[in-house]
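Structure first, commentary second.
For clarity, chains are labelled A, B and C in written order, and residue numbers in each chain start from 1.
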Amino acid sequence: MTPNQIVFLVLAFIAVMASAGVVVFGANAVRSALFLVLNFFVLGFIYFTLGAQLLGITQIMVYAGAIMVLFLFVIMMLQLHHGPQLKKYQDAKRPLAWLIGLGIFCLVFTQVIQKLSMTSQSPVTDEYGTPKAVGLVLYSTYSWPFEVTSVLLLIGVVGSILLAKRRI
Amino acid sequence: MVNDVPLSWFLGLGMIMFCIGTIGVVVRRNPVVVFMCIELMLNAVNLTFLVFARYGIAPGQTLEQATNTAMGGQMAVIFVMAVAAAEVAVGLGIIMAIFRLKNEADVDDMSVLRG
Amino acid sequence: MSQWIEDIAKGKDAVLFGIHMYGPGVLALIKVLLLLIPALILVPGLIWWERRLLSWMQDRIGPNRTGTITVPDNFPIKGLRGKKQRTAGLLQPIADGLKLFLKEDITPASIDRKVYFLAPAIALFPAFAIGGTLPWGSAYLPFGDAVGGIYSLLTPVANVDIGILYVLAISSLGVYGVVLAGYSSNNKYSLMGGLRSSAQLISYELAMGTALASIVLASGSLRMTDMVRVQEQALWGVLPAVQNWFVLTPFGLVGAVIFLICMIAETNRAPFDLPEAENELIAGYHTEYSSMKFAVFFMGEYAAMFFFSGVFAAVFLGGYNLLPLNYEYLATHGWNFLGQDMGGFWRGMAWFNYWAGPAIFVGKCVVGITFFIWLRATLPRLRYDQLMGLGWKTLLPLGISNLIIVGLWIVATKLWGIGGGWAAWAAAAAVLVIIYLNIASLSKKDEMAFGGRSVEMKDPSPRRTVKMVDPNKV
C-alpha cells in the first residue's frame, strides 16, 4: 500500500458511503442532500489527486456550492409550504431496482474493469489540469461547443424564469 | 507525479456510484431525491471521464495522443457540469411548478399528460 | 545594519530561524498555525473593537469597565496602593466568552439532532479555510525578481494555481452552516432565515465571481501571489513610481465596489443581515442556539469578516504593501529632496515594507473590518426585494459589463499599446453608459405608462378598521 493508494481508498470509502446515504436516507430529503454534498466534496478531492486542479475546484464550487444549495433551497421551500408526506407502500420497484443496479455492476465489472488492468501512465504531466492548459484548449479547439453551452445556459435561465413566474 | 493507484480502482468507484444512483432513481419517489440521484450518476460518469483523461487510452501512446485524450476528457467534464447546472435550474423549476399546481409529492402519481 | 538585514533576507533568514530544516509536513503545519493562531487571537479583539467603535459612532461609551486593574493594599510600592487603572474594556471579550461558556446549553425539543449539532461546525470551517491561499508576506525580495526570504517559505498556506477560485469555492460552502442551522432548529423563523440566506448567497456569489473574474483577466493569473505581484507594476502602465493597485484602476475600482458589497452580503452583515434580522426573525438561523454553539456561529462570522477583508486587501489593495509606491524605481530614479539624495531613504522604505508585510496585511484586514462596523452603524437593513434587486439587477449587470470592458481593454492594449487600450476602455465605458441611460429612460416611461409602479401590490383582503368606542358612553 502506497500513501497514494491509502488516500484514494479513504476518499473512495467516504464517497461510496455518502452516495449510499443519498439513497438510504431518501425519506428525509435534507439528509439525502447533505450526503450528496459530502459526496461531491470528496469527489473534488479525488479530482485533485488525479491532477485536475481546475476541475476539482470547479466541482466543489459548482456542485457543492451552487447546485446543492439550490436543491436545499427547494427542499426547504417545499417543507415551508407543508408539502404532503409520501404514503408508504411496497411494489415491485424495489427488487427491480436491485436487479438493475446489480446487473449494471456485474456487466461493467466483468466486461470493462476486469479486462482493463491497465496501470500504465499517460505521458502527460500534472500540468494538464492547470487553468492555463484547460483554458488554452477550451477557448481554441473547443470554442464552438463552449459557445453552444453558453446558449444552453441562456435557455436554462429563460426556461427557469418561465417556469417559476406565475404570470409573465 | 507518478500516480500508483490502479486505473480499475477509480473505475470501480465510478461504477459503484453509478449503480447506487440507478437504484436510487428507481426506488425513491420524492422527485427532488430522484433528481439528486441523477446528479450522482452524472458525477460518476464525470469521474470516469477524468480518470481516462489522466491514464490515457492505450499503453505506449505518443505525447500528442495523450494530451488530446487528457484535454478531451476534461472538456467533457466541463460540458457535463454546464449541462447539469442548466438542467438543475430547469428541473427544479418544473418540480416547483408541479408542486404548486398539484401539491403532490410522488413521482409515481405524476403520470397525467394534462395539467 | 542594513547590510545585515539584506543578508538575512537573501535566503539566510530561513537559516536563522531554522525553518529550512523542516520537512514539507512540518512546514505545512507551521503555515496553518501561523494563519489560524493570529486569527483566533484577533477575533475577540475584533469583537471588542466592534463594540467600542459602534458605541462611539452612536454617541455612547460602550464597554469600558471590564479589565479595570485595582492595585491591592499590600502592594510593595506605597503610592500605587488602591489605585485603579482602566484598560478601556479590553477584557470584555474574555468576559463575554466566559459568559457564553458558562450559560445553560439549551437544546430545543423535536429538532433534527445530528444536523443541529453539525451546523455550527460546518459554519466555522469555511470561515477559517478562506485564508488558505492568502499571501500575507512578500515571496519576492525587494530589488530584483528573486524568490526567497522567510515569507516565501511561510506565506500562502497553499500557493496553488487556483487561488482565487478556491476562495470562491470555500466561501460558497459557507452557506451550509446557516441553511442547516435554520432547517434543523424546527422553528419557522430559523427556517425563514436559512431560506433567505441561501437565496442571498447564491445571488451575491455570481456578482462576486464577475468582480473577481475581471481582476483575473487584468492580472492574467488565478494565483494569489501573482495577483499581488501584478499590482506592484507601474500604475496604468504609465506611472512607474506608483504601484498599480487595482483599486486605483478604473475597472478595478468598479470591481472593488462590487466585491465589497458582495463581501458584506456573503458574511451576513448589516445592511444585508436579513438571515438574522432581529426585528423580523428574532435572530434568524441562530434563534435556537445558545451558549457555546452560538459562540461558534459568532466566531465564524468574525473570522469570515477578517479573511474576506484579507481577500479584498490582497486582490484590490496591493496585499502586503503599505503605500502604492514602487520603492525600487524611486531608489534608482528618486527625486532629490531639497538637494538631499533620497535613494537611501527609499531603500530603507523598501526593506521596511518587506519586513512589515504581515503587520501591514493584518492592518488592512482591520481597516476592512472597521468599514464593516461603520456600515453597520450607518445603514438601515435592506428590504428583501431591494436586496435581490441590488444583487441581480445592479451588481450582476455591472460586473458583467465590467468584465467585457476589461476584455476589450486587454485586446486593445495588445493591439495599439497602452494609450490605445485606455482609449478603447473609455469608448467602451461611454457606450455602456449611453446604453444604460437609454434603458433607464425607457423603463421610466414604462413605469409612467403603468401608473407609476412597476410592481403593483394588491391586497385582496378587506382592510380592517378599528372602531373607536368612547369608554364613557359604554
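Note that in this section contacts are C-beta pairs under 8 Å (C-beta built on N, C-alpha and C of every residue); 3 or more make two chains touch, one makes a residue touch a chain.
None of these values were measured; they are calculated from a predicted model.
Q: What topology does the chain touch graph have (line, ring, star, complete, other)?
A: Its topology is that of a line.
Q: Identify the chain pair with more contacting C-beta pairs: A-B or A-C.
A: Higher C-beta contact count between the two pairs: A-B.
Q: Just curious, how far off is subunit C from subunit B if you go by their C-alpha centres, in Å?
A: 35
Q: Indicate the whole-number Å distance between the mean C-alpha point of subunit A and the mean C-alpha point of subunit B.
A: Centres of subunit A and subunit B (C-alpha means) sit 5 Å apart.
Q: How many angstrom lie between the CA centroids of subunit A and subunit C, rounded to a whole number?
A: 31
Q: Using the touch definition from the top, which residues of subunit A touch two or more other chains?
A: Counting only residues that touch two or more other chains, subunit A contributes 54, 58, 66, 70, 77.
Q: In subunit B, what residues contact two or more other chains?
A: none
Q: For subunit A, which residues count as touching subunit B in their complex?
A: Residue list for subunit A touching subunit B: 2, 4-5, 8-9, 12, 15-16, 19-20, 22-23, 26-27, 29, 32-33, 36, 39-40, 43, 46-47, 49-52, 54-55, 58-59, 62-63, 66-67, 70-71, 74-75, 77-78, 81, 83-87, 93-94, 96-98, 100-102, 104-105, 108-109, 112-114, 116-124, 126, 128-129, 133-134, 137-138, 141-142, 145, 149, 152-153, 155-157, 159-160, 162-164.
Q: Give every residue of subunit C touching subunit A within the complex, in rising order.
A: So the residues of subunit C touching subunit A come out as 112, 115, 160-162, 165-166, 168-169, 172-173, 175-176, 179-180, 182-183, 188, 191-192, 194-195, 198-199, 201-202, 205, 222.
Q: Name, in rising order, each residue of subunit A that touches subunit C in their complex.
A: 30-31, 34, 37, 53-54, 57-58, 60-61, 64-66, 69-70, 72-73, 76-77, 79-80, 130-132
Q: Taking the touch rule as given, give the residues of subunit B at its contact with subunit A in the complex, in rising order.
A: Per the stated touch rule, the residues are 1-13, 15-24, 26-30, 32-33, 35-37, 39-40, 43, 46-47, 50-51, 53-56, 58-63, 66-67, 69-71, 74-75, 77-79, 81-90, 92-97, 99, 103-106.
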